[in-house]
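Below is one structure. I have some questions about it.
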Amino acid sequence: MHETSSDSDYVETVIRVRYAETDQMGVVYHANYLVWFEVGRVAWCGARGFQYRELEARDNRMMLVAEASCRYRAPARFDDEILIRTAIGSSNDKVIRFRYETRNQHSGQLLATGETVHVVTDRNLRPARLPKHIGKLFLPSRHA
Amino acid sequence: MHETSSDSDYVETVIRVRYAETDQMGVVYHANYLVWFEVGRVAWCGARGFQYRELEARDNRMMLVAEASCRYRAPARFDDEILIRTAIGSSNDKVIRFRYETRNQHSGQLLATGETVHVVTDRNLRPARLPKHIGKLFLPSRHA
Amino acid sequence: MHETSSDSDYVETVIRVRYAETDQMGVVYHANYLVWFEVGRVAWCGARGFQYRELEARDNRMMLVAEASCRYRAPARFDDEILIRTAIGSSNDKVIRFRYETRNQHSGQLLATGETVHVVTDRNLRPARLPKHIGKLFLPSRHA
Amino acid sequence: MHETSSDSDYVETVIRVRYAETDQMGVVYHANYLVWFEVGRVAWCGARGFQYRELEARDNRMMLVAEASCRYRAPARFDDEILIRTAIGSSNDKVIRFRYETRNQHSGQLLATGETVHVVTDRNLRPARLPKHIGKLFLPSRHA
């Protein structure tokens, strides 16, 4: 299986680096990129027509993080505007993969790339499936 | 009403500053002191004979933060050992007050002082009272 | 001394609650409001015509947090849009006071109010004064 | 190249889960494991005879995070004691690899495994080498 990744696959959102996110190196502390990826996922869900919080509140489904990885290419700094680009990887109604790029919004410079893998669970963290109307958004045909 | 505050009122616990807690000033980001105060509260509860997590899980009671304040006296730095001292203020089974000191464990230097006020709620954030066996730990006679 | 606080005194900015900012109570962890206040301060500076990061990088001045306090009125929840309103309190070129309101952007409900006090320092955390062109933005005449 | 990983390779340290580290799923927010790995690295350095903060302050060297990954096996919960086990992977004086396990200290259950890759830089984030007396701690002979 191979995935094409046309630009239209990516959902984009922009945040601004908070002072709280820096560390004494003078750059963004690396764990915060995982938080930014989460911001990207929520934006992706919104752009695809459902609210992640509704998935939890109404459908009793959560996307538990099973794996996360990040490669850091260049540092981000306080007050930088950061472009977070989020796309879906090979997924189904039980396992979901996202991939991410973060760039300096002003210069376009690539800052980091990453991936997360999620397992769908119910509120008690037991394996489950996405509801049909949401699950179909994650099928290969949507993003091949 | 006046409170005496003999040293025996304070429960002490020690943490070490994490890199994640610093910011680009090279010192601990100020919001983290509220997290340290929370560590102090949990230690206070443990020293007084109950687990805060049991209060939530078994007794369906939470201590929602209603007010928090902190005065910063001297900066803390990465890898410093921090002494967190926690005492109870005037409290009852519906409203609880804690006060805190943080000190550099090595030098004894005062870093910050603070206070938090909590309202007791049930899991749905509705006002409630502490269970009797726990509420009595917060009565004035305990710490006057 | 009394301060009038017409609405024009407030600088407003909006953020969206991150999943990372929630805790197991299902609401935003209280320390994050201090981070939001910081976001409000940076927005205030921008709206008044200077970049806080430039103050640090070019003018070798920092606004060290000396005091912070927050009163929590109603909980914020994941994915809520939060309006952060920031105004200046009585300040001069050595000590700066901000006050804040956070509201649910959708309902207008007041979530929290707070204040911070800052001392101006140089990069080595020694007391200092703001550069004149910036210091005048904090004088009473600006916000009386 | 293959690495043996006898238990003596691991440096162990224990932390307790903070309320601030939980999210509304009722478990530890996933990005915090990267912070715990950082705690593990600092402990590893200490156990091998040097202080990471001295590396930065005295030797003008930093270990910038270039890659981080984590696999989540089981959730951690508020107030759990967490055992962080840290070992060195194949490293030299310019590139350093750590690997990590986190376990529930009480039950021994594996919670997460992870890896980080670091590039040695100077304080201006330019590539550099570790000082000799520290670099030798990261050579293969130390941990083969």
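Letters are used for the chains, namely A, B, C and D, taken in the order the chains are written, and counting of residues starts over at 1 for each.
As a working rule, a residue touches a chain if its C-beta (ideal position, glycine included) is under 8 Å from a C-beta of that chain, and two chains touch if they have at least 3 such contacts.
What you see is a predicted model; the values in this text were computed from it and never measured.
Between A-B and B-C, more C-beta contact pairs are found at B-C.
A centroid comparison over C-alpha atoms places B as the chain most distant from subunit A.
Between the CA-based centres of subunit A and subunit B the separation comes to 35 Å, rounded to the whole angstrom. Distance between chain centres (mean CA atoms), subunit B to subunit D: 29 Å. Subunit B and subunit C, compared by their mean Cα positions, are separated by 24 Å. Residue numbers of subunit A whose C-beta contacts span two or more other chains: 19-20, 24-25, 27, 31, 35, 38, 78. Put simply, subunit D touches subunit A in their complex at residues 24-25, 27, 30-32, 34-35, 38, 56, 62, 64-72, 75, 125.
Every residue of subunit A that touches subunit B in the complex is listed here, in rising order: 19-20, 22-27, 29, 31, 78. Interface residues of subunit D facing subunit B in the complex, by the touch rule stated above, are 16, 18-20, 35, 38-39, 42, 51-53, 77-79.
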